[in-house]
Structures are given as C-alpha cells and as structure tokens.
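Sharing a structure here in structure tokens format.
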Amino acid sequence: MADLALHRLSKRYGENDVVAGIDLEVGAGEFVSLLGPSGCGKTTVLRMIAGLIAPSGGSVLIGGADMTLLPPHKRQLGLVFQSYALFPHLSVRDNVAFGLRRQGVRGAELSRRVAEALALVRLPHLAERMPRQLSGGQQQRVALARAVAPRPRLLLLDEPLSNLDAQLRDEMQIEIKRLQRELGITSIFVTHDQGEALSLSDRVCVMNQGRVQQVGPPEDVYHNPANGFVAGFIGRSNRLRGRVAMKGGGAIVLQLPGGTELRGLGDVPLGAEAEAIIRHEAVRVTEGEGVPGVVVMRAFAGARVQLLVRLDTGTELLSEAPTIDDAYPLQPGMRVGVDIDPRAVFIAEPGR
Amino acid sequence: MNEGRIPTVLLLAGAVILLFLLVPVVVVVLAAFSNTEYLAVPPQGFTLRWFAQVLQDETYLASIRFSLVLAVTATALAAVIALPACYALHQRWLPGAETIAGLLMSPLIFPAVVVGVALLQYAAMVGLRGSFPFLVLVHAAIVSPYIVRTVLGSLAGFDPALEDAARVLGTTRAGAFALVVLPSIRPGLIAGLVFAFITSFDEFTVTVFLLPPGQATLPVTMFTAIEQGVDPSVAAVSTLMIVVTGLLLLLSERLSGASRPI
Amino acid sequence: MTRERTAGLLLITPLGLVLLLAFVAPVLLMLPTSLHGYVPGRGITPGWTLENYTALFTDSYYHEVLARTLGLGLGVTVLCLLLGYPLAFVLARLRGAAAAWVTILVVFPLLLNVVVRSFGWISLLANRGLINNALVQFGLIETPLRMMFNLTGVMVGLTHIFLPFMVLMLVAALRALPRDAEAAAAALGAGPVKTFFLVTLPLTAPGMFAGSVLVFVLSISALVTPRLLGGPTYRVMSTVIYDQFLGTLEWPAGAALAFVLTVIALLIVAVAGLVTRRWTLAR
C-alpha cells in the first residue's frame, strides 16, 4: 500500500489554480522529488501534505488514513526548510528535542533520542551551540536531525539545498541520501534543480502550472519525456522550429528551414508546425560524415567541452561532449559533420 | 551620509543644542539637593531632606502608587489585546491589513486635550466619571499604538518558517505562538512594553479629566503642586522620575538593542 | 479562507472594541454637544445652535487665542528646524559609541515627563528663577526680565519638548541620503557649503517637512507646557478648552473649540500625507 497518496489534490486562490488536481502515490521508503519551475505549485503541494495549507479539493492520505482536514501538529511529519528555520532562541539540543517533547518524550529517553539524531547527522559535538554559531551547512544538518528525531511518518524537504553554496550542496545531497537510506523513511523532496532531483530520487514528479507532467524514475524522465515541457525542462537542449514532413510509428521527420531533415520521436499531425528539442549531448560533431557545417565557437569546461556549430543551411546547434571524446580537438573554423541521434530528439507542438 | 570630519563650528553648535535639551533636567536634579526653601542652583549646601519629605508625604506616595497600578494594569491590558490583533494582521487573515494597522495607530494623531475632554463628557454621559477601570481602559487605548507598532515591526522581521516548523513538529498554533513566536520577538516586545509603561505613567492631558475624586496620578499631583508654588520637594520628585526614566531607557536599550523607541 | 477571516476578526475584536469605546465614540459624541447652548447657572440648553462656532469667528477673544495658537505652533516649528538640523547633522555623522550616547541623550528628554520638563524651565525662567538671579547678581539687569507667562516662556518650553522629535526625523532623513550623492557633488567641484545647499538640504526636504508637520500638530495641541509656562492668563486653544471643561463648565463652547482644533490637526496631517505622496511619486 502506498505510504502517501494524493487524490485530485487542488488549491485555488481566487481564479487562479495553483494546484490543479494532482494524483500521486508514493510507496513506503521511496524518495520522490517534486520538480518544476518556480510557481509550478510544487511547494504548495508539499505544504498541503504537511497541513500548513488547506486544500481546495481532493485528499491527502498518509499510511492509508485520510489526513486532509487534520492540522499539521497531528500529522507526525518531518519538514526541512530552505531557510533552515532553526529556533534562534533554543540550543541545538533543544531544537532537536522540540518535536520529541511534544510527543511526551522525557528524561533519559529524550537525551538518548537527541544524541541519536545528532549522531545521525554527525554533529554530536555541537549540541550546546546556539543556531547562530553554526555555519549554513551545519544548520541544515541540525534541521534535518530535528525533523527526523521524532520518527516522522514522512520526511518533507522544501528546497533544503538552495541556500547552500555549490560545494556544500553536493555534500548535503549525499548526506540527505545516506540518511534517507539508513532510516528507510518515505521522503518528498521539492526542488527546482533538476540535477538534485535526478541524482537523489527513486522517482521524479515533474510539475508545471499546477499539473503533473510526468512521474517516473530519473532515467525514464530524462530519456523518455512524456511531452514537450518535460523534454525542454529536463536536460539542456537546442530548440529548432520546422514542419512535420513525415510521420509513422511514433517517429517523425521534421523539415527545418533550409531543407535539412531531422528525425525524432513525438506525436504531431502531418504538415503542422513543430519544435524539435535536441539535447546538447545528442549532437555528435566529428571530422567525418554527417550534415556539413563549421565550428563557430568552442568552450572548454573541464570534464566537458561545448561546441557551437553552424550548419551550411544556417541553423546553429550547441553540442556538448566529454573531453575524452572525438569532438575534443575540434577548433573554431574547422569543417565538421554533424550527426544527431534520433532517439534523443523530441518533437512537439511549439510552446508545449 | 558619508563619514568624515565634522566642521568644528557644527560640532560646537550641536553641543550647545544638546546642552539646551539637557539643561532643564540638570537644573532640576541640582535644585533637589539645595538646602534652601526656594530653588537654588548651584545648590546652597547639600541636603537630602527634600527627598525624605517627599517619601513621607502621603499625597505623593498615594499618587505614586496610583500611577504605578494604573500604568502596570493598562500596559498589561494593552499587551493582552494588542498581541492577538498584531498576530492576525501579520498573518493577513483580514483584508486590508495595512488600513487596519493604520486605524489602530489613530490615537496618535488626535490632539490629547480633545480626547481628554471628549472622554470626560462621555464618562459623564454613561456614568463612568471617576471610574478606575474606565481610566485603565482609556490608558490601554492610548498606549496600544506603541505596542502595535513595535510588535508589528518585530513580526515583519520574523521568519514564518519558524512557526510552520513548530506546528509540523507537533504544536498547535497557540503553542507555536507561545514557544516560538513570542520568544523570537521578545526584544521588540519589551521595548514596546517599556515605552507603553512610561507613556501611561507620564500621561497627563487625558488623565486629568478622568481622575476619581480625591485621587491623582503623580504627574497631576506635581502639576497641582507647581501651580500652587514652586519648592524643592517638586524638584526631588522630578529627580526621582528622571532617575527611574533613565534606568528604564537603559534597560530597554540593553534588552532590545534598539535606540529608537518611538 | 473563511475560517482564517473568522479567526482574524476574533483576534482583532478586543483591541478594536477598546479603541471604539474608549476613543472613537467619545470623540464623535462631542459633535452634538458643541451644537447646544450654555447658560451660566442653568447648564447646557436643549435647543440646537451654531453659536459656539460663529463665536469662534466673531469674538475677538477667540481670534486672539486662535492666532496665538497657530503663531506659536509656527514659531516652535521654525525653532525646532533651526536647532534640530545642526544637531541632527552632527549626530548623523557620528559613529559607534558617540552616536549611541548622543542618541540616548536626545531620546532621554523625550521620555521624560512633560510636567518635569516644564518644571525645569520654570526654575530657569521664573522672575526669581536661575537666569534672572544670575543676571541680577552680575549686575547686568536691575529688575528681573519677564520670561514666563508670555510668548517667550511657552515658545522655549514647547521647543524643548518637541525638539527631539525633529532631531530623530532629520537624522533618519540624513542617514537615508544616497551614499554617494554628497561625494559626487564634491567630486564635481562643489565646496562643502555649496554641497550642503545644493544636495543635502534638498534631499532631506521631505524629512524636514514630515518633522515640521509633526512638531506643528503636537505644539498646537499641547496642554501642560502652555498651562505651566503660560499661566492662567496667557492662553492657547488647549488651555481654553481645559478651563471651559474643568473650570467654567461651558462644555458646548469647549466642545466646539476642541472640534475646530481636531479638524485643524487632522487637515494638516491629511494634506501633508497628500503632499508627501505627490513628492514620492514625482521622484
């Protein structure tokens, strides 16, 4: 049975559907990300799960029990915030003990559980500090300990990495994943950062404009986007306009201005205007055969190299390849052939 | 404004003006120690007898008690009714929260003397003339804007996620307010309470119209004494008030770290 | 949404009720009183009349009181500006402990009881007060100067009472100056004096305006200082109202005067608000 189930969950402010009827089931111990651009409703969904916002319609079931109308303090959840939200007037120990005390845990048992939670985030030595004496990364780890100490039924994480700088973010990402595995706790992770979502999650739920666009394992969402929005939002892509020249069996041939034909996947009526979304890494540039063009620009970024290629028809494409790849030695001005993997070309109606 | 040297002329002018602000205060304190029946500065001789006289004068003692009870109850009442209102305004549970907050400040813009006579007439009309509870209510209304202002200001700087965190961790809204919100806004709240207390204790213009017969607040008693003629015992009472006010100012400064109570 | 609105209403009701009952209702109930007559010995007459208001425009005594009140307000405002600006200018440039201490010294008189502060000025300005004693002692004058129960006393006292307000408003305005405006003027070749008149003064004009409005409105409605330093003879609107309510018991006339004072104060505040809004929009 699903640990968390959302049925037709919606939130409307006036005429504005912030969340427009969402269905989602999360299994026990699963780590699911809600991924989408800002304003897509993902945080609203999380706050409705927590009980901090009352839904306009639909229901929230946790462990099979309907919690839609239950206030947050009766739901036994853990929530980690972007701003850490540590209580500034309480020590680290008292912050972590806060939820336990509300459950009536006292005395030696309380001390043991606090120590346990702090050990889990590897900060047992900072118990007596005040939050303002901690670094951002330490604060977020304390927040994590505070959230899991009362053994919540769900762990909710609201953009917990966004306030950290890049290096810390990577460390915290691993920390969160490790903790979630050790505790086997069902987790919902809200983020706008696809990198975080893809690397942390068992499944990713892509949202846009209050609706679920696709739910699936990271590989699936990446390689088989359900629609144009997912294809464009996940990964980094070129976008080319054209007209559908042929279609059949899920494959489409798009005719670009200048005559180049591009094969890809999708479902757009014959003759219609369409947009091809081509991942940077699907554009292979070699000195050998392929659509002819010339390298316009080259940008070296450590492990990867980016090439901007202008095809002889005038179309420009960005390509990205590992630096050990054949494309590495190519320099601006060189004549090249471009080859595009049709399985990584997604064709959709424009603006989707 | 840039840092930099301040022209000497300006520094001097500033010092003189600051002196103008402080001279009456200093004069009163010095006069309180003078061993003469009239005010004299510099004091001629040194005596504490004016203080002793004041502290044995039942009129003064009664009015100090009266003022203290009035100011404490009015401040407490104002806090009890203002805090929930501030919370509701901060949460934006009501439409037009800005306008409502503005209305709650309105006691500040009415001339006090007008409020005083209006209340006198009203109290006479509804049979509350000289009623102590009514006076407390009026003082609570007068000082509430100061509490509303400081509390709303503190709440504006409060991270709402803290309250959410407390609620998800198992407290009710009321519990979260007591355990998390209140401790977080404490410095601002204390500054507001101190200022409200001082305002209530010092209030003259409205109070004078509403006093119960035979009783008076300290400022009213002093006012009456001054109108009847000036002697050093008034200076002694004034000195006591100066000292207490100074201590309260330093206290709220220490507790809130804010140097701008208005 | 509705639940929150109900909760909000419940939470705001106690304060709203207190303000309504102990503030708004009484002030509104003054209006009908001001429209009755008064006969000494018999009290308030039942019939409606406008004579309390017409008297304010026809009676030369009221003319004098009105003119004196407004003139005093204007004088105090100008004095506060002239004294407040230099002090605020210095305070705004101070840093660290010096700034904190000067701020405390400016705020302190503000918190001090007005009766105490007026008493301080009585000790200084009275016929047998410190200033006169000193002047006589040094042989500079024969008979004491009259500095109380007249314009001088009240003006000095009120300026002292309201100067801290002006200073704090001006300091806020000066500290809010765009950091580099003065430096830019200096870099463009303006000397310190020119910089002050071309940049600092115009940029702090809104602060000066706000401070002036505050001081003016507070001065024309002050009671304690005009009463103690002006005495029973040198009267302004508020002291006349005081006497009419607690002394002669001419409540209708007092109510009319109180109503006029309120209208003047509220009008000034409202007009100032409009001007300020225009000002901010124009920038």
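As written, the chains take the letters A, B and C, and residue 1 is the first residue of each chain.
Rule of thumb we're sticking to: contacts are C-beta pairs under 8 Å (C-beta built on N, C-alpha and C of every residue); 3 or more make two chains touch, one makes a residue touch a chain.
Because the structure is predicted, anything quoted here is derived from the model rather than measured.
If each chain is reduced to the average of its C-alpha atoms, the one that sits nearest the average of all protein C-alpha atoms is B. When C-beta pairs in contact are tallied for each pair of chains, B-C comes out on top.
Remark: chain A and chain C have CA centroids separated by 60 Å (rounded to whole angstrom). Taking each chain's centre as the average of its CA atoms, chain B and chain C sit 18 Å apart.
Chain geometry summary: the mean Cα position of chain A and that of chain B are 54 Å apart.
Remark: chain C residues 4-5, 7-9, 11-12, 14-16, 18-19, 21-23, 25-27, 29-30, 33, 83-84, 86-87, 89-95, 100, 102-124, 126, 128-130, 160, 163-165, 168, 174-175, 177, 179-180, 182-183, 192, 217, 220-221, 223-224, 227-228, 238, 241-242, 245-246, 251, 254-255, 258-259, 261-262, 265-266, 269 touch chain B in the complex.
Across the complex, chain B meets chain A through its residues 159, 161-162, 164-172, 175, 179-180, 183-184, 186. If you check the complex, the residues on chain A that touch chain B are 47, 50-52, 71-73, 75-79, 81-83, 85, 87-89, 98-99, 102-103, 146, 150, 156. Interface of chain B with chain C (complex): residues 1-4, 6-7, 10-11, 13-14, 17-18, 20-25, 27-28, 31, 38-39, 41, 80-82, 84-85, 87-89, 91, 93-95, 100, 103-104, 106-107, 109-122, 125, 134, 137-138, 140-141, 144, 148, 195, 198, 201-202, 204-205, 208-209, 219, 222-223, 226-227, 230, 234-235, 238, 241-242, 245-246, 248-250, 253, 259-262.
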